[in-house]
Structure formats: C-alpha cells, structure tokens
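One chain, chain A, links the two complexes that follow: it is found with chain B in the first and with chain C in the second.
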Partner chain A sequence: MRKIHFKIKRFDGNKEWYQDYQLAYEKGKTILWALTSIREQFDPTLVFTSACRHAICGSCGVKVNGSSYLACKTSLDEVLDTFKTDYLTFEPMGSFEVIKDLAVAWEPKMEKMEKVKPWLIPSVEGDVEGGFIQSEEDFHHIASPTDCILCGICASECNQLAVNDGTYLDPFILNRAYRFAVDSRDGSPEEHIRPVIENELWKCMHCMQCATSCPKGIPLTEQVAFLRQESIRMGEVNNQGAKHAFAFVNDVRTKGRLNETMLPIKTDGLFKTATTKVPFALRMIKKGKINPFHMPKAVEGIKGVQEIYKYAEEVENR
Partner chain B sequence: MLKYDVVIVGAGGAGMMSALYASKDPNLSVAVLSKIFPTRSHTGAAQGGINAAMGYRDATDSIEKHFRDTVKGSDFLADQDAVEFFTTHMPELISELDYMGVPFSRDENGRVAQRPFGGASSPRTCYSADKTGHVILHALYEQCLKNKVNFHNDWYLLSLSVDKGKFQGLVAMDIRTGEIHAIQAKSVVIATGGFGRVYWSRTTNAINMTGDGTAACFDVGIPIKDPEFVQFHPTGLASTGVLLSEACRGEGGYLINKDGERFMARYAPEKMELGPRDLVSRSIETEIKEGRGFGDGMGSYVLMDLRHLGKEKIMERLPQVRELAMDFEGVDLITDPVPIRPSCHYMMGGIHVSDYKTCATPIEGIHAAGECCAVSIHGANRLGGNSVADVVLFGKYAGLGARDTAKKRSFTDAKKLQQDAENWVKKFKKMREKKTGINMFEIRDKMAETMWYNVGIFRTEKEMQKACDTIEVLLEQFKEAYIGDSSEKYNMAFINYVEIGNLLKLAKAVAMGAINRKESRGSHSRGDYPTRDDEKFLKHTLIHNEGKKYRLEYSPVTITKYQPEERKY
Partner chain C sequence: MRYAFFPGCTLESAEEELMISTLKVAEALGIELIELKGWTCCGASHIQDVDDFLATSINARNIALGEELGVSKIITVCNTCTLMLRTAKDKLDRNDNLKTRVNESLRGTGMQYKGNTEVTHLLWMLIEEYGLENLRKKVVRPLTGLKVANFYGCHILMPPKIMGFENHRNPQSMEMVAEVLGAESVEFDQRLACCGFHSVFPAEKEVMGLTGMNTLSSKTSGADCLVTPCPLCQMQLDAYQPDAQKGFKEDITMPILHLPQLIGLALGLSPEELAIQRHVVDAIPMLRRSLQLV
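After this line comes the complex of A and B, so read on.
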C-alpha cells in the first residue's frame, strides 16, 4: 500500500523538533484532511488551526515543503505531484510568531495593520442613516481586494518580509490600504496611503510570490504599483524608490534603454553611491558586468519608444 | 481576578456588533473573548445575503411583507412581535453597515443591490457577490480595530457562574497559556454561534460550531428553546459536508444511486431533482437507508451527475461549484459525478431569549444574540438571508441591552465564581494526567452517527428513542473519556473534550425536543406524525437542565397579526 510520509515541525513554546507520521494514501484528499487524520488517529497533541474548511475563514495556512498553502483548499495529490515525492514536510508559515506547532499569532500583524487605518473614513457624501450611493463601477474597484481572508500566505511567501527588519508592511496590509484608498466612499485616501509610504513601500521587489500564491487570486502586486503611483501623485518624489523609478523612466524615454552606470547615482546621489556602492561596482566591472565608460546611445526605434510614452501619458490623463 | 463591566463571548457578527455598541459608553470596560481569531468566525461563511426591505429593487416591497414572509417561513412558530421589530429595524441597519464600509454589490442607481431569495415575496436580499457574510465580518472587525475593542483571542468560555439567580461572571481559559481565569462581570453577551456539529461530519458548519455558549447557559438554568428545529441542505459534499449550491439541480443535474438509477423518479416523478429541499434530502437518505447508496455508515453518499450538461455549460453556469468540487472532493464535474449527501445547515433553536428588545435571558445579566439563541424570529424554519440579518441586528440590541444592564447592576460577590474556576483548574489537571480511557473522538463520532440516522432529516418515535438511549450511554462513556495530551499550553485536546461534552448535552436536548413534538412543522419532519398540529403544538419547546434529567415545558407563541394557515409556496 502506498504510504505518505509526513514530517511536521513541532514547537511547544520552548523546544523545536520534527516529528514523523505516516498515512495510507487516499485519492482526492486535502492537506487539512492529512492534518486532521494525524491528530485524531495518532497524535492529539498536534496543534494547527482550522475552522470553515472551505477557504473563507483563512485559519489554515501552512508551509508544505517550503511553500505556503491554505490546507483546506489544497489537494494532497496536487502537492505530491508538484514536489514529485511522497515525503512532505509541514512547517508553520514564515514571517509569523509561532505559538505552538503550526499555530501562529495574528495580534502583532494586526497592530501593524492599524498603521494604515484599515477602516472606512467616510466621505461627506454619505451618512449613517442613508448610507452611500456608489456606482457599480466603483464597487468593482473594491470587489477583489475585499476577497482577502487574512490567511497570511502572502506574508509567508513575501521575500522582502523574509529579510526586512519588520518595518515593511505585509502584502495583506498593503491590500487593506489599497482597498480603502480606492473606495469611492472613503473621504481621506491619503490617510491610508501615507503610512504605506512611510513604511518602505518601495521595497517590494516584484518577485510576485504574494500574488501567485494568494488563494483568492488578489492581484497584490498591481496594488503595490498603484500605491506607488499615488505616492508620486501626492508629491512623494524625494525618496530612493521614486528616484530609482524616475531614473528608469527618464533613461528609457531619452535612450530607449538603461544607463546602468548612472542608475545608482540617480537613485542615491553621488555621495552615497561613492561611499556605499563603489566596491560593489568594482566587482561588477571586474566580472565584466558593467563598463563604466560605455555611455549608451539611443536605440534604433527611439521614436517609437517615445510614442509609447506619449500614448501612456494620454491614457493616464484621461 | 479579571473584572469587566461587560464581557462578550464570541467575535462573529453578533459578538462584534455587541462589542461596538456596548463600548459606545466610554465609562464601561468591555472585553470580547473568542476561542479563535475574530475574522475566522462562522459569520464569514454566509454567502447569499442579508434581508432588509429597502425597496430598491422592488418598490412594492415593505417591512410588512418581510414580516409576513418570515412568519410564514417559520411555519408560524416565530414570535411575531420580535419578527416585526426585526424587519422594522433592518433597513436602517443596512445603511449603517454601508456607512461602516461593507462593500455591497450595487444596482444601476448606485444603491445597495438586492436579489430574490427562497421564501421571499420580493427581491429584498442585499448582498456582496457570494461573500456577504465574509465582508460584513471583516467590516465589523475593522470597526472594532478603529474603536479599540479589547479582544482576548484564543480564550475559551468554560462556564458561567450564577448563584441564587444572580450572575457573577464567567470562567474562561487562555488557551495559549493554559491559565484558567475567573472573570467578574456585570453583564455578558453570549454570541457563540450554532451547534450544527452535533452531526459532526454531516454539517456545513465550521468545525468549531460546538454550542459552547448555549451549553454554558443551559448549565446555569436558562432553558433551550426549540432545539428540535434543524435546517438541512440536500447537497453537501460527501466527505466534508461543504455546501454545493442549489444551482446544480437548477441547471439540470441528476441524482444517481448505486444501481445507476435517477432515483428521484420514485419520490417526485414530475419534478424529479427539482423537488423542494426537504423532499430531496429525505429521498437521498431513503436511498442510503435502503442500501442503494455508495460507501458505508457516515461515509455513505449518492452521486450528483452533471456530465450531460457538457463542459461549456458547466464552465459558464457553474464555475464556482466546479471549483468547490475539485478543491474539496477532488472531483471534476466535467468528467466525473460528485459524491453528495444532505448536510445540517442551521440551528433555529438555542438559548431562550425572553426579551427581544434587549436580548435578555431569564437570568439578569446574561444576554444572547445570533445562532446560539432563539429570540425567536426563525421559528420552525429560517429563511435564507435572515441569519446574517439576525446576527447583526440582535447583536446590536444585545450590546445595548448588556450595556444598560451593566449600568444598573453592581459587581456581586464572587464566591461561586472563584469556586467554579477552582473546579475547572482541578478538572484540567485531572484530564491532563489521565493516561487511559475512551477515545473522545470515537464518542463524538458515535453521537453524530446516532443523531444523523435517528434525529436527522426524517424522524420517527422508535428511531429517536434509539438516539436518546445511545446519547445516555455516550454521556456515561464521556465520563471515562481520555484526551491524550498532558500539556498545559495550547492544549487543544482539552478544548475539544469540553466541546464534545457541550455537543452531547445539546444533542440530548435536540432529541428530547424532537421526540416530544408529535407533529411535522417546518424543518421538523416526522414520518409518524406527517402534518402540523396547531391545536397541540403551536408552542415553543423549553428544555431545562436539571442535572442528569432534563425537564420539558412549553411556552406560548406570540401571535400579533398572522393567524396560522397552511404553508404553501
């Protein structure tokens, strides 16, 4: 009989260890089925959280062989096939404080989320007696971001959070800020966006892990792009992230390509570049990655590139 | 000892609404206890919508029509003064939720959109796509963050303390540390949700819907009202009970037994699969009972076959359903039939609320709101779209009621409370040290099995008696239960143990209410008494917990406007 081998990371508040369990393979079962079967058949001390078991309560995020999944919604067959193995390792989600075994604490995350004022700041257009008028189109702007179930999988997969000192906001927090910033009923979008800017908005590295692993399919990285544009519109241009973006935009506008030698100087200024980036640049030169004397000429189709810019600006201003 | 003016137990729609309203008075200290993180609460699972006679979609709709539909839907067992209060205040509550930021779907005029729903004479169900409960739950949580509501997450209610009819406080465990606390309070709102898990695997309910608050109230002398009324849905997924929408049958799906027959021909030759919910549920269970189902025992099922609709139609009309079947049953409806079986969906009965305006119970200081209690506005059968409405509206009035009670009362002495807390500490220790005994999950599964087969979708005296006897045996076995976890911190096995104890107590009440109601009304359908009997049973069941023995009494239904008539649709 085919057996599935599970290695589960345990934590009792003091010590950590991995524990092995085995279940007979059954077709069409979920990760949550495996966890529940292990707990009820072999080990009632195993702790994990789950509730609705149909992907609406957000309780059961877990790492399987290093990737995060919603346990109730993910079939075992899928992960067995993805990893091409009958050996699975379950661990608690990354970037969360672990309470016990696979259970994580949400309170620190909520404290962080409060920074973006995650509640409607009602505009003067509505009142508590009559509510609001909101167009169907305006409703559609908030339809997808309000799908968020706070499962934390985006945070668990976020590569910035993995290296960040804790300032950077979790993708689901950025989603909340976005959700209110674009709600036509909200009277103060900047109150949601400003804290996002103040908390390293530009550190998202576009790895797309959050958006691709979100069990609700929320386009989280598009929201980051939107929040960045809004920050520029709000006049927040004097920072590393915005300057870096402007360097890209302007280089490509004038030459159709990047001038990588000048990029750090445009982003960080001459002094900071000279003091922090020189050894790195020297190593790049040595390996032939950059040529400091190469001043790129405009690409052949530069006229076309500039047409694209013009068109984009037109669309933007519509 | 912890001390709060108002404590709210449960952080779903009712609990958070209570918390928001109780904490509007800055002079009161308010705390919310929840055994899970608030946004995990089962309110979030409500899909379809929330009823309020806004009259946006249909200008002829009215509070009066909502009132009449609800009373008729309840099979005339709802208290009409409470229903009228409910339908009157719902429209203003929708505007309030809108103002809180609930993302409602909109109509072409930008007003909250409304859709038709079963049992409603006008399209009055406000909604947000198919995630209405989810967005309301999250908006309420956001408001709680804004208003700095004091949450105690992963705190579990163990019991309430009442001495000589006076409420003193409650005993709760901080699950993370394993500490057991006595919490003194002037008033409490119980908002712990339903107890559909008496049927364990055969319910659409979340795994933690174990009736903790209902059982705690029952233990301190508050009766349970109308527990025999349990709503079932015909098409739950076989292995988990997760709901598959009615749209499957609507679009022409077949129900097939082991012999490959479309068995509905036996029960509803004209309507076939499109017969009413209760009839289809009963037909499926009959097939299984008579050996024409697949699988064994609680794992039995029949098949729903949609393959003949073709890939295109399935993809276009039933994409969500297809996804559900794939995710939770591992079946692609385009290529395979899906195993289904009816599922317990909702408990109409619960804690006896004696004053609908404040959601007070017979014990001063204890209030209740939501599925854990019976006001009663749902009577013998709840209409779709009335449960989330119930939760937020009565959550609000329970919060206000508990606030006013707290202002009137002072802290009592806490001797009984201290004693209760000490007893729980001893019990926790004893259970952790116990090395052998009867596996509690087996007790739970036996309870679910006997409830499903004998106090399930259709009921007869003989079978229900069997269930009553089995539950007595299980209650005895439960004393010998063994949890298998000696840890102090985050001992979920102990929590499960207390939950199973609560379910057993409530299962016994469901069975007792059902066996004594010798009629068929709303969701309570008896083979031996197939018709409604207003002369004898137009009354509420009230079951009192008097230790090992339960005492049954009945109380009158409040009828203000609509005299009972035959319920026809």
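After this line comes the complex of A and C, so read on.
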C-alpha cells in the first residue's frame, strides 16, 4: 500500500521539533484532509487552524516543502506531483509569529494593518442617511482587492518581509490600502497611501511571489506599481526608489538604453555615491565592468521612441 | 536555427561577459542570433512604477523589431527582460483596445505590434527546440566532478501565467541542463530565492543580507559554484558579494557563473574565451581545480 510520509514542524511554546506521521494514500484529497486525518487518527495534540474548508475564512495557510499553500484549496495529488515525492514537510507560514505547531499569530499583523486605515473614509458626496452610491464600473475597481481572505500566504512568500525588520507592510496590507484608495466612495485616498509611503513602499523587490501565490489571484504587484505611481503624483519623488525609476524612464527617453555608470548618482545623488559606493565602483572598473568614460550613444530609431513618450504624455496621461 | 536576439542593457556594460559567452555558445551550437537593431531597455521592472502604458509601449516596439525580422522567436538571456517583454505581449494579446492605443503610440517608429513572434529565454529554447540530447552530443568536456548550485531567479518562473515554462514551485530546467553537461546539481535552501537586485538601492541592508544568505546556503551545500540564467542575479550575487560579506562572520565566498558560461565550458571553450575573468569573485582557480584545466 502506498504511504505518504509527513514531517511536521512542532512547537509547544518553548521547544521546536519535527515529528513524523504516515497516512495511507487516498486519491482526490486535500492537504487539509491530511492534517485533519493525522490529528484524528494519530495525534490530537497537533495544532493547526481551519474552519470553512472552502477557501473563504483564510485560516488554513501552511508551508509544504517550503512553499505556501491554502490547505483546504490545495489537492494533495497536486503537491505530490509538484515535488515528485511521497515525503512532505509541513511548516508554519513564514513572516508570522508561531503560537503552536502550525498556528500563527494574527494580532500583530492586524495592528500593523491599522496603519493604512483599512476602512472607508467617506467622501463628502455620501452620507449615512442618503447612502453611498457606486456605479458598476467603479465597483469593478474594488472587486478584485475585496476578494482577499486574509490568509497571509502572500506575506509568507514575500521576499522583502523575510529579511525586513518588520516595518515593511505585508502584501495583504498594501492590498487594503489600495482597495480603499481606489474606492470611489472614499474621500481621502491619501490617508491610505501616505502610511504606505512612510513604511518602505519602495522596498518591494518585485519578485512576483505575492501575486503568484495568492489563492484568489489578486494582482498584488500591479497594486504596488499603482501605489508607487500615486506616491509620485502626490509629489513624493525625492527618494531612492522614485529617483531610480525615473533614471530608467529618462535614460530610455534620451538614449533608449540605461547608462549604468550614472545610475548610482541618479538614484543616490553624488554625495552618497561618493561616500558609500566607491569600493563597489572601483572593483567594477578594475574588472572592466564599468567604463566610467563610456557614454552610450542613442539607439537607432530614438526619434520613434521619443514619439512614444510624447503619445504617452499627451494622449494617455492627459 | 535562427532567432532574433534581445540582449538587454547589462550585456552592453557590467555583464558584457554574458554577451561574449552567449555569442560563443550560440556559434558552437550552430544557433544564429540576430541582434535587434535599435532595441531599448525593457524597463527592468521599474518603468511601470512611473507609467505602465509607457512600459508596455516601449516593449511593443522591442517586440515589433523582432517581428520585422520574420523569425518565430525573440531570444533573451535575462530573466527580467524575458518577463518584461512577455508581460507586454500578454497585455497586448489579451486587450485589443490597449493594442490599438499602443500601436497609435508606435506611429513614429514606422512599425506596428502584430503579435506573431514569441519571446523566450535561452534556457527554455535549449530544452524546447534545440533539444537536450543534441546539446549532449556537443559536449566535449563533461563537467564531471563540478558541483553546481542552480539559482533560478524569480523572473524566469513567476508569475506562472506569463512565464509558465515549468512549475514555479519546483522547476527542473537548470538541473536538466547541468545533468547533460555532466555537472552535479546540489540541493540548497535558497535555490528559488530572490536575489533582491531590483531593490538594492532602497533596501540595501536587506538585499545585502539576502545576498549573503544566498551564497552561504550554496556554499554550505558543497557547491563549487553557483549558476544562474539571469545577469541581474549574477551581478547581485557576484559584484556585491564583498559588500555582503561585511554582514557575515562566516566566509560566504562563492563564484557565480552565467548559464552560458557553464554550457561553454562543457563545449570545450576556455574560461577566458567565456570572459569568466571579468567576475568580481574569481571563479577561475575553482574551475582549474575542479575541471583539471591547465
């Protein structure tokens, strides 16, 4: 009989260990079925959270072989096929404080989420008695971000959170800020966006993990792009992130290609570059990786490229 | 085999060794790469943060340059270039209204985006079209005894609805190529980690920590070198390695190779022909030792 081998990370509040369990293989089951079966058949002390079993409550996020999944939505067969093995390691989600075994703490995350004012700040057009009318088109702007079930899988996979001191906002928090900032009934989008800017918005590494792992398919990285565009519209351009992005925009406009030699100066300014980036620059020059005298020529067809910019500015962003 | 070639900005300057090694390997394999005339920067995952229409349009132009050549595919050797071009293509092919507006913006270029040319990465092309068995036949110096840590980089895998060549949670393409070349792939924790390159300026502290974790993890697993299909990962892990070392007590030293350099070694090219001497962390002593090169 085919057996599936589970190694589950345990934590009792003091010590951590891995514990092995085995289940007879059954076709067409979920990974939540595996956890539930282990608890019911072998070990009532195993702690994990779940409730709805229908990808609605968001309580069953877990890491399997290093990759985060919503346990009730994920087929065991799919996971076995992905890793080409009958040996699975279960661990709690990353970037969360662990309470016990696979159960993680949400309170600190909720406290952090309050920073972006995750509630509707009514516009003057609406009021409590008359209601807040929203057109169907405007509703569609918030339909996707409202799908978030707060499962935390985006945070578990976020590469910035994995190395951050905790200031950076979890992708689901950025999603909340976005969701209210684009809501036509909200009168103060800046009140949601300002805290995002103040909490390291430009540290997103653009790794695409959040958008990739979201069980609801919310385009979280597009939202980061939107929040950054909004920050620029709000005049927040004097920071490394925005300056770095503008260096690309401007180099493509003038030459078509990036001037790598000038990039640090455009991003950090001459002073910071001179004081912090000299060892880096010297080792690059020594290996012939940077030629400080190389000034790229404009690419063939640069006039056409500039016409694209003109169209984008005059027609699209009018 | 004939392809349009989109090199991307780093191949012209900091990562010129990838240009050199890619062209050498293509020649040795009988693959003709025609560099797109007048290609521009792909936006490098930054331009959309200022203006996404612009990001899509400049890449519509890049793809149109390839369409003009009448080849079936545009080849890239950079994960981020691949993602940027494929993202633009995906948007244009799914949204006629956007395509019309983008083509309007392309008027001054004298070209139109049609949507009949695919964008692929050299790694994918070798597996899908060239064939690993054909590659195996070209190996004259099997990399026996060389232990490689395959570092994929995010943008060759995600998001899968745009990249989708293989399962992003457990890809195998790099291991398949390494096996054909005779090298041994080691397992290491950071195989699918992010290099952090795209936020190295605003998140310097975090990214240096990540760089050290990445190279240290490959070292602990016994790798002789780390190999990546992306010049941006290579630059982050190699050129910034001395900076990252400052945050670690342990020695994190790890030579970082570009995928075409690894292939080139197995095809009998010398480290110098593949411009491996350009790396900040010297890989040549390790290669001489492991491959008994003179």
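Everything that follows uses one rule, which is that the second predicted complex is superposed on the first by the 307 of 318 C-alpha atoms of A that agree within 3 Å, B and C clash if a C-alpha of one lies under 4 Å from a C-alpha of the other, contacts with A are read in each partner's own complex, and residues count from 1 in each chain.
Keep this in mind: contacts are C-beta pairs under 8 Å (C-beta built on N, C-alpha and C of every residue); 3 or more make two chains touch, one makes a residue touch a chain.
Predicted model, so just to flag it, every value in this text is computed and none were measured.
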item: Partners on chain A (chain B, chain C) - clash or fit; value: fit
item: Chain B versus chain C as contact partner of A:Ile56, first or second or both or neither; value: first
item: Contacts of A:Ile31 with chain B and chain C, given as first, second, both or neither; value: neither
item: Touching partner for A:Phe280 - first (chain B), second (chain C), both, neither; value: second
item: Chain B, chain C and vertex chain A (Cα centres) - angle in steps of 10°; value: 140
item: Partner chain in contact with A:Leu150 - chain B first, chain C second, else both or neither; value: first
item: First (chain B), second (chain C), both or neither touched by A:Ala177; value: neither
item: First, second, both or neither for A:Pro122, with chain B first and chain C second; value: first
item: Partner chain(s) touched by A:Gly131 [first = chain B, second = chain C, both, neither]; value: first
item: Partner chain in contact with A:Leu102 - chain B first, chain C second, else both or neither; value: neither
item: Chain B versus chain C - smallest C-alpha distance in the overlay, whole Å; value: 17
item: Footprint overlap on chain A, comparing chain B with chain C; value: none
item: Interfacial residue positions of chain A with respect to chain C in the complex; value: 65-67, 82-84, 159-160, 162-164, 200, 202-209, 211-212, 221, 224-225, 228-229, 232, 239-242, 244-246, 248-249, 251-252, 256-258, 260-261, 264, 267-268, 279-280, 283-284, 287-291, 294, 296, 299-312, 315-317
item: List of chain A residues in touch with chain B within their complex; value: 12-13, 27-30, 33, 40, 43-45, 47, 49-59, 72-75, 77, 99-100, 103, 106-107, 110, 113-114, 117-120, 122, 126-136, 138-139, 142-143, 146-150, 180, 183, 185-186
item: Chain C residues within the chain A interface of the complex; value: 9-10, 12-16, 37-41, 43-54, 57-58, 61, 83, 101, 104-111, 154-155, 158-160, 167-170, 189, 192-194, 196, 198-199, 201-203, 206-207, 209-210, 213, 239-240, 242-243, 277-280
item: Complex interface listing, chain B residues touching chain A; value: 36-37, 39-42, 44-45, 92, 94-101, 103-112, 128-129, 131, 134-135, 138-139, 142-143, 145-146, 153-154, 176, 206-208, 239-240, 242-243, 324, 326-331, 441, 483-485, 487, 489-490, 492-493, 496
